[in-house]
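Consider the two complexes below, in which chain A is the common component and chain B and chain C are the respective partners.
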Partner chain A sequence: MQNQEKELREFLKGVPIRLIGCENGNELYANADEASFPTSMKLLNGKGFTLISMFCEEKFNSSRFTLFYVFERELFDDVLVVVRNLKSKKAASVMQIFPSASWYEREIMDGFGIEFEGNPDKRRLFLHEHFPRDFHPLLKSFRNSHIKSNNGNKAEYMFKEISGEGVYQIPVGPVHAGIIEPGHFRFSVIGETIYNLEIRMFYKHRGIEKLAEGKTPEYCVRIAESISGDETAANAAAFCMAVEKISSRTPPMRALQLRTIFLEMERIYSHLGDLAGMAVDVAFPVGASPFFILREKILRENEQLTGSRFMKGIMAIGGLRKDVSEKAIKNLRKFLDAFEHEFEKALDVVYSSPSAIDRLETTGAIKNEIVRPLNITGPAARACGFQKDTRKNHPYGTYSGLKFNIHTSENGDVMSRFNVKAGEIMESVRIIRNTAQNLQKGPILSKARIRDGHCLSLVESPRGQSLHWAHIKHGLVYRYKIRTASFCNWQSIEHAVMGNIVPDFPLINKSLNLSYAGTDL
Partner chain B sequence: MIKPIQNIFTKKAPEGFHFDDKEFAELGMKLKKNVSSVFGRSLAIREVDTGSDNSTEIEMVNLTTPHYDIERFGITFVASPRHADALAVTGAVTRNMELALKKTYEATPNPKIVIAVGDDACNGGIFRNSYAVCGGVDKVIPVDLKIPGNPPSPKEILKALLALMEKIKKRS
Partner chain C sequence: MNELLIYSVLNILAVILISPFFMGVIKKIKAWCQGREGQPLLQQYYNLIKLLRKESVVSSTSSWITRATPYVNVAALITAALFVPVLFVPSGSTLFGNLILMLYLLALAKFFMALAGLDAGSTFGGMGSSREMAFSAILEPVIIIIFLALAFMFKTPNLFEIFRQASAVGILYAKPLLILLMVSLFIVLIAETSRVPVDNPETHLELTMIHEGMVLEQSGKYLGMMELSHAMKQTLLMAVLINILVPIGFSTALSFYSIAISFAAFMAKGTALAAVIGIFESSIAKLRLFRLPVMFMVAFFLAFLTIILEVYG
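Up next is the complex of A and B:
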C-alpha cells in the first residue's frame, strides 16, 4: 500500500496540485488552487485519469463550499481526491475536459446553487419544474420538510431538438407500458432509425441524501438499503464499509465472508433478470422463462439465508445483524450444484436460437471512445473490452484473497453484454461456493464506538462501480453522497441507441439494466 | 446447424422445471372465481411506479413469471391506463411524479380501483417527511387497498387481491 502511494505521487509530478496525504488506506487527497485548476484538470486528463465522481459539501472546512473531484486510474489501487475550496458561489466548469462532469455540475447546481461557468447546460437536473426557482435542498439552511409547489413557474423543460426533412419526435414516459420504473425518453427519428435520444430522469427523486443528514449511522443503513431495491446488499455494504473505515473497525472474518456471499447472490439474480429481459425483448419467452425460474429460486435462497428475498435488514455497521445457520449454508452449496447445470441448459436455449442471436448482435453498440470520458462502468464497460472491476481494482472485504476472473467481451453490443453477464453469473457461483466451503466460525459483529470522520467507499454492484461518501460529525451523518453505477451508465444509452431502430430501444435498455431509483435518489 | 434443429424437436427447457406450490394455486383458483363474478372474466391492472426502490416492481414482474403465472387466474397487466380496471401504485409519490400519477388516474375509466403496493406507497415509509415526496398514494389519489411490505411477496400481493375481490363482492 505504501508503495502504491509513492508511485502515485511520483506519477503526479508536474501537476500543479498540493498532495496532502493518504487517508483511509487508499484515498490520496490533494488541494488545488483556483488559478491553476483548469491546467491541473487538463494534465490529469492527459495522464489518463478518469473522473469517477464529483460532489459538494457545505462547511467542510473554513470555506463555505468545497468541491471534491474523485479520480481513478488503471494500475493504481489508490483514488485521487482533488479538494477545491470555493470562495464564491461560482466555479469554472470542467465538463469540456471531463464530459462526465456535466451531470455532476447540474446536480450540484440544483443541490447547492453553485453556478458552473462554461457548462452550457443550465437546465435543472433532479428538481423538476414545480420546485421553486431558488430552492436548493442540500443547503444546511434548509430544514427538510414538505415545501409549497411553485405553480407560477411552469416553464417547459427544453429538450435538444434536431430538425430537418422527415425528422419527427417520439416522446415516451414517464409512465411506460411495462412494469418498469418511470423516466422520459425523447427520440428524434427518421422512419424507424434513431438520430438522437435525450433522456430525462429524476422522476423518482426522493431526497435520499438530505434524508440521511442528521440521522444516526445505524439508521442510515436502512436508507442505503432503499436506494435501489436490487442493489440492496451492495449499497448497504458500501455505506457500512465507509463507517467502519472511519471508526477503524474491521468486521469479523465470518461477517466479511457472508457479505461476499450476499453480494454475489445479488449479482446472480440481477444478471438473471437481465438475461431474461433481453430474451423477452426479442420476443423469445421460451428463452426467458428458464432465467426467470432460476431467478425466483435465487430469491428464495436469499430468503433462506437472510430472511428477505432482497436481503434487506441483514447488513450492520461492524458486520451483520444476524448469523446464517449451518443448515442454510449446506443447502446453499447443494442448490448451487443444481443451479450451475440448469443455468447452462438455459443459456443453451438462447445460444442455439439464431433468430434471437441475430437480434442481439451489433445492436446498441457502445463505442470504446466514450467509456473513459463518460466513466461507463460495470458489465457495460467490460463488454467493450475494459478490465474494469472494483473487486479487482480496489479490493474490499474478502475479494483480495479470492481468485476469480474478469469477464470481458470486445464488441460493446447487446450480445457482448449478454455474454459478459452470463460469464459473471458462473464466476459468482464459483466465488460463493469457494467462500461457503471456507466459511469460518465465530462472531458476526464487532462492536466499537463510531468515530467522526469522512470516507469514500467503492463497491462493484451488479451494475458496476458505486461510490459512497460518508461524513460523520458528532456521531451523526453530516453528508451522505451516493453515486451509483446507473448514474454514470444512463448517459451511455444516448450514444448506444444512435443509428438503431426504435423497436430495439427496450432491448438496449434492458441489456444495460439501469436503475432509475439508484440514479434519481 | 444441428443445434437449432434439435431445439425444434426436443423438449423445451422450461418443461424440465416442476413447481409445486399448492397454497398459491388454491389461493389463485379462489381469486379466479371472485374475479369472474366481480369483473365478468378478467381483471386488468396498470402498474405505476411513483418512487419505489424497484424491488416492488421485481415482485410484480415475478407474478407473471412461470412460478406464479398470475394470468391463469384471470389477472393481466396492461400497457395503458385506458385498458385498466385497477391501478397498482408502488412507492411514495414523489413531487416529480405527482402530475403523472394524477394524469394516469384520470385516464383510467370509471369505476376504477387503486391499490397501493408496498410500505412506501401505503404511507410514504421512511420518505414520508422528505421535501421531495408528497407522501403515500392516498395523499394524491383515493386508495381502495393498501398492501404493506418491503416489498410484499408475490403471495402476499395475491392474498390482498383476493381480499379486495371479496370486499367488492360483499359491497355489491
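Up next is the complex of A and C:
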C-alpha cells in the first residue's frame, strides 16, 4: 500500500495540486488552488485519470462549501480525491474536460445552489420544476418540513431535440406499461432510426442523503439498504465498510467471508434477471423462463441464508447482525453444484437459437471512446473490453485474497453484455463455493466505538461500481453521499441507442439494467 | 334459400364461439413451452365477457373513428365469416365465397384499426399504425398472389367451390403443389394475426408493438370487440388452411349428424393447428423489424412458384 502511494505521488508530479496525504488506506487527498484548478484538471485528464464522482459538502472545513473530485487511474489501487474549497457560491465547471461532471454539477446546483460557470446545461436535475426556485434541500439550513410546490407557474424543461424535415419526437414515459419505475425518454426519430435520445430521470426523489443526516450510523445502514431494492447487500456493505474504516474496526474474518457470499449471490440473481429480461425483450420467453426459475431459486436460497430474499437486515457495522447456520451453508454448496449444471443448460437454449442471437448482436453498441469520459462502469464497461472491476482495482473485504477472472468482451453490444453477465454468474458461483469451503468459524461482529471522520468506500455492485462517502461528526452522520453505478450508466444509454431502431430500445435498456431508484436518491 | 340461411347463422355463430378457444389453446401451449401452467383454456371467454360488460373510456381528443372502428371491425369480420365455411358448404350457392371480397373485408377492418390508432393522437397508436401500414403494403400483394394461386389451382375464385373440391378424397395426391401454397398461407396466418416473429402479442413494451399499439387506446367494450374480431380473423385464416389441407370430416351436405361430425373434426384440427402455431411461436425470437419483408418474400416466392409449376407442370 505504501509503495502504491509513493508511485501515485510520483505519477502526479507536475500537476499543480498540493498532495496532503493518504487516509483510510487508499484515499490520497490533495488540495487544489482555484486559479490553477482548470489546468490541473486538464493535466489529470491527460494523465488518464477518470472522474468517478464529484460531490459537495457544507462546512467541511473553514470554507462554506467544499467540492470533492474523486479520480481513479488504472494500475493504482488508490483513489485521488481533489478537495476544492469554494469562496463563493460560484465555481468553474469541469464538464468540458470530464463530460461526466455535467450531471454531478447539476446535482450539486440543485442540492446546494452552487452555480457552475462554463456548464452550458443549466437545467435542473433531480429537483423537477414543481419545486420552488430557491429550494436547495442539502443545505444545512434547510430543515425537513413542508414546502410549497411551484405547480402554478413552473417552467418547462427543455429537451434537446433534433428538428427538420421527417424528424419526429417520441415521448415515452414516465408512466410505462410494465411494472417498472418512472423515467422519461425523448427520442428524435427519422422513420424508425433513432437520431437522438434524451433521458429524464428523478421522478421518485426520496431525499435519502438528507434523510441520513443526523442519524446514527447503525440506523443509516438500513437507509443504505433501501437505496435500490436489488443492490441491498452492495450498498449496505459499502456504507458499513466506510464506517468501519473510519473507526479502524475490521470485522471478523467469518463476517467478511459471509459478506462476500451475499454480494456474489446478489450479483447472480441480478444478472439472471437481466439474461431473462433480454430473452423476453426479443420475444423469446422460452429462453427466458429457465433464468427466471433459477433466479427464484437463488432468492429462496438468500432467504435460507439471511432470512430475507433480498438480504435485507443482515449487514451491520463491524460485521453481520446474525450468523448463518452450518446447515444453510451446506445446503448452499449442494445447491450451487446443481445450479451450475442447470445454468449451463439454460444458456444453451439461448445460444442455440439463431433468431435470438441475431437480435442481440450489433444491437446497442457502446463505443469504446465514451467509456472513460462518461465513467461507464460494471458489465457495460467490461463488455467494451475494459478490465474495470472494483473487486480487482480497489479490493475490499476478502476479494484481495480470492482468485477470480474479470470477464470482458469486445464489441460493447447487447450480445457482449449478455456474454459478460453470463460469465460473471459462473465466476460468482466459483467465488461463493470457494468461500463457503474455506469459511472460518468464529464471531461475526466486532464491537468498537464509532469514531468521527470521513471515508470513501467503493464496492462493485451487480451494476458496477458504487461509491459511498460517509462523514461522521459527533457520532452522527453529517453527510452521506451515494453514487451508484446507475447514475453513471444511465448516461451511456443515450449513446448506445444512436442509429438503432426504436423497437430495439427496450432490449438495449434491459441489457444495461439501470436502476431508477439507485439514480434518484 | 333455406339452406343458405341456416348456413349463415350456423357459420357466423360457430366462428364467433370457436375463435376465443383457439386463442386460449395457443396461449396454453406457449405457457407449457415456458414451463408455466398457463391460464385456463376458457380464460379468453371470461376476458371477453368481462370486457364487453365494461364501459369504454375514449380519449377526449379522438373523433368518431375511434368509436366506429370496433363496430366496423366486428361487422367486417362477421361478413367475412359468411365467406369461409367452417362446418359445411351449402349446395349450389355462389352468393358468398368470393376470395377477393373476403380478403378486402379483412383489409377494411385493418384500415379502420390503423385509422383508430392514429385518431387518439397518442405516440404508440401512431407508431403501431405506421408500422402496420408499411408492412401491409408489402404483405398485401403476397396475400393476393397466394389466393390467386389457390383460385388458379381450383379454377374458381369462390371459396365454397374450392372447399367442395378440396373435400374430395385424395386432393393432396392430385395436387401436391398445395402443400407449398399452404406453407405460404401459414406465414400469412402468422403475420396477419400479429404473432412472433412478426409481432409479439404478449408484450407490454409499447415501443416494439405493431398490432397492440393500434388498439392501445381502446378500452372496455370497444377493446372486447377489437379482440373478438382479431380472434375471428385468426379462425377464418385457419379455416382456409385446414379445410384445404386436411378436409377429413368436412361436410358438404346439411344434416344434423354430418354437421356434428364436421364441428368435432374442425375443433380437433383447429386445436392441432393452434398447437402448431404455439410451438412455432415458442421456438423463435422476434425478427428485427426490417427483416420482416424477407419472411414475407418467402411466402411470395412459394406462391409464385406454385403458379409457375401449375402453368407449365
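Here is the rule we go by: the second predicted complex is superposed on the first by the 520 of 521 C-alpha atoms of A that agree within 3 Å, B and C clash if a C-alpha of one lies under 4 Å from a C-alpha of the other, contacts with A are read in each partner's own complex, and residues count from 1 in each chain.
In the analysis below, a residue touches a chain if its C-beta (ideal position, glycine included) is under 8 Å from a C-beta of that chain, and two chains touch if they have at least 3 such contacts.
As the structure is a prediction and not an experimental result, all values here were calculated from the model.
Of the two partner chains, chain C is the only one touched by A:501; chain B is not. Legend: residue contacts after superposition of the two complexes on their common chain; A:404 is shown touching neither chain B nor chain C. By the document's definition of touching, both partners, chain B and chain C, reach A:289.
In the superposed model, A:281 makes contact with chain C only, not with chain B. Counting the residues of chain A that each partner touches, chain B and chain C differ, and the larger count belongs to B. When the two structures are aligned on the shared chain, A:353 is found in touch with chain B and with chain C. In the superposition on chain A, A:178 makes contact with both chain B and chain C. When the shared chain is aligned, chain C comes close enough to touch A:170, but chain B does not.
When both complexes are overlaid on chain A, the residue A:192 reaches chain C alone and has no touch with chain B.
In the overlay built on the shared chain, the residue A:515 is in contact with chain B alone; chain C does not reach it.
Residues 177-178, 286, 289-290, 293, 353 of chain A contact both chain B in one complex and chain C in the other.
If you check the complex, the residues on chain A that touch chain C are 170-172, 176-178, 192, 279, 281-290, 293, 353, 355-356, 358-359, 501-506. Those residues of chain C lying in contact with chain A across their complex are 30, 33-36, 123, 127, 196-197, 200, 202-208, 282-290. Chain contact summary for the complex, chain B toward chain A: residues 3-4, 6-7, 12-14, 16-17, 47-62, 64-67, 77, 79-81, 91-92, 94-100, 104, 125-127, 129-134, 150-151, 153. Residues of chain A that touch chain B in their complex: 126, 128, 130-131, 137, 142, 144-147, 149, 174-175, 177-182, 202-207, 210-211, 222-223, 225-230, 232, 273, 276, 286, 289-290, 292-293, 295-296, 299, 309-310, 312, 342, 345-346, 348-349, 351-354, 515-518, 520.
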